[in-house]
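Reading through the structure tokens given below for one structure.
First chain written, first letter: the chains are A, B, C, D, E and F, and each begins at residue 1.
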Amino acid sequence: MFGPDITFLGVERCDLGDPASFEGADVVIVGAPFDGGTSNRPGARFGPMALRQACYLPHDGSRPSLALRVDPLKDLKVLDAGDVECFSGDIETSIRDIEEAVHTISASGAVPLILGGDHTVALPDARGVARHHGYGRVSMIHFDAHADTGDVEFGNLYGHGQPMRRLIESEAIRGDRFLQIGLRGYWPGPDTLDWMAQQRMRSYEMTEIVERGLTECLTEAFAIATDECDGVFLSVDIDVCDPGHAPGTGTPEPGGLSSRQLLDAVRRICYELPVVGIDVVEVSPPYDHADITAYLGNRVILEALSAIARRRETAAGGEPWDPRKPLLEGRRAVPPAAAGL
Amino acid sequence: MFGPDITFLGVERCDLGDPASFEGADVVIVGAPFDGGTSNRPGARFGPMALRQACYLPHDGSRPSLALRVDPLKDLKVLDAGDVECFSGDIETSIRDIEEAVHTISASGAVPLILGGDHTVALPDARGVARHHGYGRVSMIHFDAHADTGDVEFGNLYGHGQPMRRLIESEAIRGDRFLQIGLRGYWPGPDTLDWMAQQRMRSYEMTEIVERGLTECLTEAFAIATDECDGVFLSVDIDVCDPGHAPGTGTPEPGGLSSRQLLDAVRRICYELPVVGIDVVEVSPPYDHADITAYLGNRVILEALSAIARRRETAAGGEPWDPRKPLLEGRRAVPPAAAGL
Amino acid sequence: MFGPDITFLGVERCDLGDPASFEGADVVIVGAPFDGGTSNRPGARFGPMALRQACYLPHDGSRPSLALRVDPLKDLKVLDAGDVECFSGDIETSIRDIEEAVHTISASGAVPLILGGDHTVALPDARGVARHHGYGRVSMIHFDAHADTGDVEFGNLYGHGQPMRRLIESEAIRGDRFLQIGLRGYWPGPDTLDWMAQQRMRSYEMTEIVERGLTECLTEAFAIATDECDGVFLSVDIDVCDPGHAPGTGTPEPGGLSSRQLLDAVRRICYELPVVGIDVVEVSPPYDHADITAYLGNRVILEALSAIARRRETAAGGEPWDPRKPLLEGRRAVPPAAAGL
Amino acid sequence: MFGPDITFLGVERCDLGDPASFEGADVVIVGAPFDGGTSNRPGARFGPMALRQACYLPHDGSRPSLALRVDPLKDLKVLDAGDVECFSGDIETSIRDIEEAVHTISASGAVPLILGGDHTVALPDARGVARHHGYGRVSMIHFDAHADTGDVEFGNLYGHGQPMRRLIESEAIRGDRFLQIGLRGYWPGPDTLDWMAQQRMRSYEMTEIVERGLTECLTEAFAIATDECDGVFLSVDIDVCDPGHAPGTGTPEPGGLSSRQLLDAVRRICYELPVVGIDVVEVSPPYDHADITAYLGNRVILEALSAIARRRETAAGGEPWDPRKPLLEGRRAVPPAAAGL
Amino acid sequence: MFGPDITFLGVERCDLGDPASFEGADVVIVGAPFDGGTSNRPGARFGPMALRQACYLPHDGSRPSLALRVDPLKDLKVLDAGDVECFSGDIETSIRDIEEAVHTISASGAVPLILGGDHTVALPDARGVARHHGYGRVSMIHFDAHADTGDVEFGNLYGHGQPMRRLIESEAIRGDRFLQIGLRGYWPGPDTLDWMAQQRMRSYEMTEIVERGLTECLTEAFAIATDECDGVFLSVDIDVCDPGHAPGTGTPEPGGLSSRQLLDAVRRICYELPVVGIDVVEVSPPYDHADITAYLGNRVILEALSAIARRRETAAGGEPWDPRKPLLEGRRAVPPAAAGL
Amino acid sequence: MFGPDITFLGVERCDLGDPASFEGADVVIVGAPFDGGTSNRPGARFGPMALRQACYLPHDGSRPSLALRVDPLKDLKVLDAGDVECFSGDIETSIRDIEEAVHTISASGAVPLILGGDHTVALPDARGVARHHGYGRVSMIHFDAHADTGDVEFGNLYGHGQPMRRLIESEAIRGDRFLQIGLRGYWPGPDTLDWMAQQRMRSYEMTEIVERGLTECLTEAFAIATDECDGVFLSVDIDVCDPGHAPGTGTPEPGGLSSRQLLDAVRRICYELPVVGIDVVEVSPPYDHADITAYLGNRVILEALSAIARRRETAAGGEPWDPRKPLLEGRRAVPPAAAGL
């Protein structure tokens, strides 16, 4: 929508208005360049543009993962549908149009991967997915510094601080299958926290994560996420990371995860769980430096895609992934010539 | 609305809900921290905050103008009403609320001075003023790189590219009393230009300004602005200046006025014409460097206020302003003691 | 002193010249916008302004802590006395005036919380507190990359590299109750280190912290800090954090703590120890990016205040704080209606 | 070559390896992302990417010029051939490949418009054009702060300080048809200046331009440029502008032209003279702020294209361009309905 | 003093403690890295470091001026004495030590050229010169947005807003030989202006400069400056330029001179008048972008030195400088070989 | 080569053309300001300049290490030979000249410490060392996000993505003594990884490092590095660190080491292993913020030098280094006077 018409790292384009163009896709990427719901620093409208190109390698539709030994952009059929036209001054129309686009993707059998935009878009993102998979049948794993469960803000029901409340109220996502990771700071207040408790949400504040370890917290969350649910929606607000790792965002909260922790967590989720929808939100290029936040968002996406690809490979009988295996172990260590090829 | 609750350079606060608080004011400043209408780079929501404080001098409610020999913050009663609450995701509500605030100020007899926000706010700004002074009785002098006369954009009637069309359509401002200064570049297209011609607008593109000189163009415009109109609304989009002088804005267009030209033009307008409303818009701090755009916007405001103060002083029998007079000429050049005081 | 006259996140103002205005306060915040003692990059004079406003939430004098379940700005009476006027070119007058302000606060029974400024201000900060609580009766916990125990630098006894030496020499703080955490790098040299050893200071260099763990080091330090002392002064130089987490500072030293580590350590100190004074120094906005250093400093302050509030609540019979307790556990998990309310 | 594969503001792509793809083109744009010849700040390799997209309007292959009343991207057939692959570490191969690409375009009858890259590329740019139009038959108008007539630098014949010497030595461009505008500063030294005088170059240093006026200097230069030459090559080094207007460049020299001056001069050249090749070089995004230098470069290109389009329109019998004509004068000022349409 | 020990563009070093080291020098450069007198943004302490190296050419002690046809670093004996040690927290000692250094240079017969530092240093700079040339015998030409004639600020007699008052009070410089160029904005107030008038200062505010032209104003000022004075001190506060051209400064005031205007004015002063001392102040690197302010300051210095060199050449019988003469005119336009050499 | 002629933190200069000037040196620093081999963001040419001066302490040739209790710049004879002249447009000449310089140093008995430059320079760096110590007799410990084992890129054998392949092919370094630490992301692809496996390289990808711990991986690597090799070359690409800690680099890859981890690892390598050559590369100042990447690179160098100094001290009978020992333990804790001195 803003700037040139590009696709994510050069993958093929598709057109949501033309079902044949994305038939058989595994993942369809769509941009939601909306930041009218931001309560503070705007700029996430440029997130889709930044996330699609923040990479120093050629934009050739190929990214072989060192760690997972797959090429997600080749092993999966990943297409980019471009951006939903979002006018930041009209939040209701934007939400409606995004939901429609996401649902179209979901209904085609592909995993929608939405490039935000501010976190407002999680409402149409997850609801669009749930409309296809069934309300209440998709759990949510939500990385964020903020609970995003506000009620009315600035006189409005919608915005980047409220999508999770609207999702639960709409019953698209069950409150007791809502897992939040990385919360911290000074928002929301007690009333909202009480409301969250009443929904039986499970929110891991950073103190608990530090004390118990992220690995243990994730394992616990995974069990909840897969109980009576068929799929998982993964929503990554880049501000879950510490501002040192992700300065380019609207509402930075010190004391967050490191980039490494986020990448490893996303990988594990997409490898171990049946992820049916993903969004990566709140990357705000005007506040970024040397594109480091956009690079991180781009890698979160690639990590997710790689793990989905490896999960499918494993499911199809491939070797389970072993994170301790050395990079070069098991490779064709004898030159073809020496091997008599 | 964003950040701490401050007033313009420390002037006194007033409350638009309490008429007594601004009774007798000459000028009332109000912030319109809205940027949901921006077609490209957002950030103008932080304009009011930046314009109020971009000054290295103490925030003491005093600014003696070297050039005009008045202290606008003391010689005039200037108050700051704070910000209208504007949710950038809801353009229609924001426009309504801003118009209401501006009308309240205008109706009190004061000159409203609105701190944008993106240029969307010129619609409620000028309409709020015209509601008081009479539709068609206020002319417009509009500094901008862009005509802002678009019709529908992003499926919406409102936005920062359309306020001038809506103003003329609503008959708040007559098309043939609409003076535009500084246009340039590659927008809008022929259809919109035809529409503008049909409204008998007078638009000075930079080429004409360079060829004829800004002084001559302004003189010509002043004659139109005061013909059959009782007052003038001055709308300053900071992008009328060259990006070298005003990088912190949403849609920078190279080849604009220098800071000096803009300050001198604003001064002349407010000294020579009966200005009844002012807005300064499109200062976008996230794209600024070393606050130079915010400083410029702050000085545009002070220049306007100083000239209004001097105009009133002259009208009350004071000496007419002579721009060629040396700074120290006519000052009390003999020390009080030597003068026997 | 610089820019508009604001208070810390909107708490009420008080006036150090008017004792009634801060009677009964628990904490009084005061700015020390001095950077004339900086040996390299200046800019910390803008620290107080930045620390007061670096937050994306409304400046409403309320900040409910997710982790500690208190609202420090409401559960405590926190006031802001504004800035001590500090002329950076006159270090001695500035030190004198800051000490006077701090002592005034301390003498009133409140905890002074000083917003630096460069680290020069730790001298008047801690001495002002010790004048009230008794020389030698207050221990120091000092987070910093640097020991700040230089003797004469640039021909002067005062500056941001020397306050700790002056404090010990003046006997305001006992050398053997001086705990330093986070030291690293290449300063000071052997003679100064010998002097420090002679004072029986206990300085935790990063190597020891990495090897033993920060938790163990803190526990050890706490025992020293409370031995024969009635109170603890907490001095946080933001450069104790790694430059990746705190770039906006005067003398960044790679290899420091993460934001998370600092926040957790400050929380623990203020929850477990009788803190009687705090300063947060060396935030230098001109070198910051996207305000991340200012945000970190703001959160250090809120973490300290929250822990003080929780400590008082616990002391008054409240439940001791359990860092492993899930965020929503123990909240009013049954909606009022369902509970028959 | 770097980043996504985009075209200039959305014009159609062509392929230099496929002559049919650019048959009948008026202008073919090609990127030369080379900065291995830079003597100081690199980054011009990202010039093509930045110049193609530095615009806030939709990338829709249309840009109606307000001043010239043409739409250069529609009135001309403008195509974008993408980038020549340039390895910055291999200057000789890069020069060879760029020259080949430019010659291919020139030979097709189109005007090549090269997006630099550092000024090294002017050698293959102008030589590629001269190979088609005839050595010595094309004059050069060269905007720059620097003469770029160095001999051997860093032990090499090629680089961004030497292309003009190599061009004259190769006889591609006659020294006495070499017009330089905007030189200033402290380079080159007397020997090189003597060499330039011997070639009968005509170089307008800023002092002469200030004293005589740019308009007069250009008029004089135009007479030389068209004497015994069939075409003009226009080479615009963005550093001809003052660093305030063009900070994002490798070797900024204070005291240059304003943006407005450069745009007006480029317009006049392309309207009045038979331009057969253009390059815009030395835009270095890593040193830019808020993209203002890239925006300026983009507008230099559009100004050139617009003037070429208007020149052709005038040549085909259209009304000569009058810079003093008001923007809306002569437009369809009666609404279609009122006109009975 | 800060960073590595370098000299201005590679000229030879001298030592003020060793008179032999600067015997026979024409100009001695000395740094005054002091910013303790800044009323707002600090950073000018890094001015000397930045001014010495802000150039993309080799640091080889040679800079042939295109415009003036001299090489000031070779035609004059220019030495660099390094920095005076200035502790920004101790303004009085710093002033004393700078004055001593400047006087030492002046007494040796060389022109001192001081690299600021904030404008505080003009007091010791001009007083150091006047001590040698005679109190009242040196006039002042002062480029600045601000009059710098404040009395007491922050309780102190010294600072960057007061040096000109102290100079006149001390009778080092006569008030009626004090020429100020470029003033504008909202400081100082009437009382200070009255004081200035009483001293018979002549201050050119920007309005007068725009109306009358800078050239005419300078000519008028030159007559005053040379009346009953033997020498001229030139003090250039970089903020005399518009913030678009000089963002990296402490107290930017919109509406100033362009870079080109300042360079031409400095050149003319140093060519036409007997300059006996120079300072260039208020370059603040932390607020600069892409070093453009530092580059401008560096060129101000080179322009001054070049003009001094050309003035001496002319005085020694050389051809007077003609600004309208084309760059290559009069050069050795016949190649040595062709000329039979 | 760029900017002023300085040495690393003020150590003495030597001249590679004059063997006497570096006779007896322990370490000779040399700059390789080459970035023509960069596949994406350039700027590393300014690495040597930045690495030499990125320190807030005086540039006095002394840096007492707190952790290691040595002063590497005094306890070792460390000299700086300045920069090898590298024209970034000519990669082959640059490689040749760098190798020659490094070999000269190595042959003198000193450890060469090369300041990059992009990683292209590792080829001449390590080959220059191996030419002296024997091909195959020096192992490599290589910190990097990237394997740098590409074959032909951009049609060229040389560049910053290929040095490690060329080193192994040339047999300067044995593939099975090549240890890589910190690899991650999406490059290179399977064919290159197979080639690496065939060479029996040992590459620690971040996943393995996170799972097993960096300490254990290093210990394992050390055993390989010292098996049948006499020395170790340490090559540190700053992008091994997370972009949050090292934004100023050409090809940032999220998820890397922290600064602390890198410093500790470098220290351990240089303390435990016989390091015979070091390079620190890919610091790119144009992309840095607040110099934090340059500071990190500077500290990597100091950490390496300190550990070498301590290793020699220990080898000479000094106390082995104990990382758990408190900073002040074992210092002269009794004041000289009290001790009767």
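By our rule, a residue touches a chain if its C-beta (ideal position, glycine included) is under 8 Å from a C-beta of that chain, and two chains touch if they have at least 3 such contacts.
These numbers come from a predicted model, not from an experiment.
Counting C-beta pairs in contact, does A-D beat C-E or the other way around?
Taking the two pairs in turn, the one with more contacts turns out to be C-E.
Same residues or different residues: which describes how chain A and chain C meet, taking over half shared numbers as same?
The interface of chain A with chain C is built from mostly unshared positions.
Counting only C-alpha atoms to place each centre, which chain is farthest from chain B?
F
Calculate how many whole Å lie between the centre of chain E and the centre of chain F, each centre taken as the average of the chain's C-alpha atoms.
43
Using the average of all C-alpha atoms in each chain as its centre, how far is it in Å between chain C and chain F?
So the centre of chain C lies 37 Å away from the centre of chain F.
Measuring from the mean C-alpha position of chain C to the mean C-alpha position of chain D, what distance in angstrom results?
Here chain C and chain D have centroids separated by 57 Å.
Give me the residue numbers in chain F that touch at least two other chains, ranges are fine.
40-41, 242, 244-245, 258, 287, 289
So, with touch as defined above, which chain pairs make the list?
Result for touching pairs of chains: A-B, A-C, A-D, A-F, B-C, B-D, B-E, C-E, C-F, D-E, D-F, E-F.
If you look only at chain E, which of its residues touch chain C in the complex?
2, 35-38, 40-43, 45, 85, 87-91, 93, 120, 154-156, 158-159, 286-287
Of all residues in chain A, which touch chain F in the complex?
The contact residues of chain A facing chain F are 56-57, 62-67, 71, 242, 244-246, 258-260, 263-264, 289-292, 295-296, 299, 302, 323-328, 331-335.
Contact residues on chain B for chain D in the complex?
The touching residues are 39-41, 183-190, 193-198, 200-208, 210-212, 242-245, 247-248, 250-256, 258, 287-289.
Can you tell me which positions in chain C touch chain B when the two form their complex?
Residues 3-7, 10, 52-53, 59.
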